[in-house]
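Following this line, the structures themselves.
Two complexes, one shared chain (subunit A), two partners (subunit B, subunit C).
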Partner chain A sequence: MTENVYAIQLENVRLSYSGKAVIDGASCAIRKNAVTAVVGPSGSGKSTLLRTLCRMNDRIPGFRAEGSVRVLGRDIHDPGINVYELRKRVGMVFQKPCVFPKSIYENVVFGLRFHASPNGENFSERAERALRDAFLWDEVKDRLDQPAHILSQGQQQRLAMARTLAVDPEILLMDEPTSALDSKSANAIEDLILSLKEHHTIVLVTHHVEQAERVAEDLICVDDQTVCHKPCQYP
Partner chain B sequence: MNKQPLFPERGPAFWLTGLAAAISAGTIGLLFVSLVVESVPVFKSEGVSFLWGTDWFAGEVYGALPMIYGSLMVTGLAVVMVLPFALGSAILTSEFLSGRVRLVVKAAMELLAGVPGILYGLMGIALLAVWVRDLFGLIDGNTLFTAGLLLAVMILPTVMTLAEDALRAVPGETRDTALSQGLTRMETVMQVVVPQALPGLAGAVFLGLGRAMGETIAVMLVIGGIDRIPQPWFDLFASGQNIPSKIGREAAEALGFDLQWSALIALGLVLFVMVMTLTTAGHFLLRKAR
Partner chain C sequence: MNPRLWKERATILILYGLTGCGCLVLAVILTTVIMKGAPALSGEFLFEESRNFGSEGGIFYQMIGTLILMAGAAIVCLPVALGSVLFQTEFLHSPPLKKMFRFLIYSLNAVPTIIFGLIGYLFFGVLLDAGVSWVTGVLILAVMILPTLHVSIHEAVESIPDHYREAGLALGLSPGQQMRAVILPQSMYGMVTGTLLGLARAAGETAAIMFTATAFSGVQLPQSWTEPVTTLQTHILVLAQEATNPKALTHAWGAGLVLLTLVFILISVTLWIRSGMEMEAER
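Our next item is the complex of A and B:
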């Protein structure tokens, strides 16, 4: 029942680096097809929490996650879980726009190339759809074969979003996606987030309370090793 | 707008660095000029056939091709043999080992890189040459192959640490991004990290090549010391000669015999140009990778 309402459910979760807890005893739930903002002071563990949700911390030596982390109905620490499948369904966008030294088009289809499905869907169609979804299509449609690094920072961040959207994730995790951008590019990203929530569950880490107010329905506070829901004052 | 002066502060550090740079640049320039000047006689007497001639008999003819051939062959062989090991261990160390193990491996490699060439040479003549002889059923274990193998062992630590540095220079965000797209760690390393580190990896190999090409004493002990191109030319299990080894063997006796001395200097010039090209290319690629 709750699985239909919540995309992510944490129960008594403890996250630690080399035995030192960053988050301890955290329980919370994140609604489907809504934008949830994660706020909290620097170093409180927002990034750690977010990265845990697609098991990006696996390769960090000394990191340990305990408790139950259910994403899309399954505990992601189950031995039976396919972490590469999980990361396809739970996409992540990072703080610093990271484009590969390839063409714009190759950047968008980067993930697709590794998950080429047998149904033979056309890459260029999916690339166009992803770029349109990321509000980038009109700006790059005439120069898809040019190197991606010629784009502005804001465009690069939207390209990173398009690349993530291209593999068709259900959940989008964003770790301060606008903090490296000017306010105009940041606004574009915020509009993008609002348009994406119709089909995606979005978890957004941000330092700007105003940003959280503008785009998020739910608010999660990370502080002092705990995670708590804040009733959202701005419906 | 305030203009930055070219040299912001001319303290003692500036002058010391400037002096050191001037001395090294001056030394290299002087070295090059004197190599050119002193090799003029042999080029006057032999013409360009000095470079293409296959016979070298002191006092009669001076043909450098066997030595040039030996240098290229031995270095090429070393690089072919070192590449899979150096790149493989660099990838393993940089991408898959934990921090502490990585530091230990790096320290060991840097220690190995500092072992003097003569010690490698002694090991080469005492063990490697014997193994090569027995394994391939040769009469003499001192061959081009032996020299190449020994050089591969010698440059492995250098190439490996430099290649590892090049891989580490690829930012962590790049790996995170690739992993978050659902790639496996192996796919991330092979399809994203390695391509991005390619200039640096090439730089590492070039610097290793430069070192291999100039290495003298170890090669001298195991290459056989015969100035000829084997028949057929790709028979690496024959004795040969490379440039440093030739110079090392004959310099003392040639001092004073004008033409032989000039011929050795000319060999040195050829070596200088080849090593400088490799090293410069290597540094350029490494810098580009940063």
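Our next item is the complex of A and C:
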């Protein structure tokens, strides 16, 4: 029953780097098709928590995750889990916009090329859909073959989102996606987040409580190694 | 005057002086080779085979032999270097093992080339029964340029910004896909530069291939795996030893000029390809 309501469930989770705990005894649940904001002071482990949900921390030497982390109904640390499939279903957008030194179009289909089945997939249709979903289509539709680097930071961040959306993830993790942007671009991203929640579960790490209040239905506070649901005293 | 300003001016002067010294040495070498080698150049010299122990005829087969060895070494070495770099950066996770791997590669770089020749001959020539042959030469040169290629490709792979890797990873790319989509395209510069540096090193190498892969005269194109080739390097060395025959000596300078030109062409082509890739990357 709870799995129909919650996309992510954490139970007694302990995250540590070389034995030093960043988060200890965390239990919480994140609702499906809702925006959940993760707030807390710098260095409290918000990003570590977020990155754990798609096992991005696996490559960091000394990182260890204990406890039960269930994403879309399965424990992601189960030995049988396909971590690449998990990362495809749980997309992630980073703080700093990252585009590859390729054309705008190639950036959108970057991940799609490896996930789409070889027969009859129409890349350009899916690229257009992803760009429309990321509110970027009208700005770039006439220059898809131009280098992605010519776009503004805000556009690059939306391009990174389009690239993630193109592989059709069910959950979107966003690690302070607006902190490197000016306020106008940040507003565009916030509108985008609100429009995406209809079809996606969104977990947003943010520094700004105001932003969390504007876009999120649920709030998770991370502080002093603990994670709680109720509105916290931060800042 | 302000002593800080003096110091600054003196530093700049010393730097200019040192740069000047370096350029001067290069200019002297280039002028000498061009002045002494140019009289030997002619159609006959470039397109005919050498006769009468090098004092007559040309250096056609020497040029071909040099190209065979250099190209062969690059073709054999590149995949091995690339594989060892990817193993070190993508699959080797333990820091002490990584350190040891790096130490081994650097040690390989420090081995005198004659030792490569000796061990290479014992291993490829005697044990694998290749004898004095161009294949032995190619394999020895490939091992010799391996550290150069490895180090420059490794630097290129290591300098790929982490956010590119993370972006690939977050899209659910497997290690193999990550290599194809992110690591190889982003480290292409290093591969080209490394191959170039390796080839330049191979082009200058005489000791390791002198007695393992090359013969001085009576050699044309190799017809089988076990035949030797003749190279510009060997040719120059042997002719220079015949210092009494002025014609042979001119031919040695001529061969030197051709070798220099080959390397120069190689560098130009590589830089051209590189600048093309730079534009591609900017696109």
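Going forward, the second predicted complex is superposed on the first by the 228 of 235 C-alpha atoms of A that agree within 3 Å, B and C clash if a C-alpha of one lies under 4 Å from a C-alpha of the other, contacts with A are read in each partner's own complex, and residues count from 1 in each chain.
Just so it is clear, contacts are C-beta pairs under 8 Å (C-beta built on N, C-alpha and C of every residue); 3 or more make two chains touch, one makes a residue touch a chain.
Quick caveat, the model's predicted, so the values are computed rather than measured.
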Sticking to the clash and touch definitions up top, decide whether subunit B and subunit C on subunit A clash or fit.
clash
Touch test for A:149: subunit B only (first), subunit C only (second), both, or neither?
second
Once chain A of both complexes is superposed, is A:103 in touch with subunit B (first), subunit C (second), both, or neither?
second
In this superposed model, does subunit C or subunit B come into contact with more residues of subunit A?
C
Going by the contact rule set out at the top, does A:54 touch subunit B (first), subunit C (second), both, or neither?
both
Touching A:28, do we find subunit B (first), subunit C (second), both, or neither?
neither
Considering only the touch criterion stated at the top, classify A:88 as touching first (subunit B), second (subunit C), both, or neither.
both
Please indicate which partner A:8 is in contact with in the superposed arrangement: first for subunit B, second for subunit C, both, or neither.
neither
Please work out whether A:221 is in contact with subunit B alone, subunit C alone, both, or neither, and reply first, second, both or neither.
neither
For A:160, is the partner it touches subunit B (first), subunit C (second), both, or none of the two (neither)?
both
Could you give the residue numbers on subunit A that contact subunit B in one complex and subunit C in the other?
54, 56, 59, 61, 84-85, 87-88, 91-92, 94, 96, 98, 100-101, 110-111, 114-115, 160, 163-164, 167
Subunit B to subunit A touching residues, read off their complex:
98-99, 171, 173-174, 176-185, 187, 192, 196
What does subunit C use to touch subunit A in their complex?
93, 95, 163-164, 166-174, 177, 181-182, 186, 281-283
Listed in rising order, subunit A residues that touch subunit C in their complex are 54, 56, 59, 61, 84-89, 91-92, 94, 96, 98, 100-103, 110-111, 113-115, 146-147, 149, 160, 163-164, 167
If we count contacts the way the header does, which residues on subunit A are in touch with subunit B in the complex?
54, 56, 59, 61, 84-85, 87-88, 91-92, 94, 96, 98, 100-101, 110-111, 114-115, 160, 163-164, 167
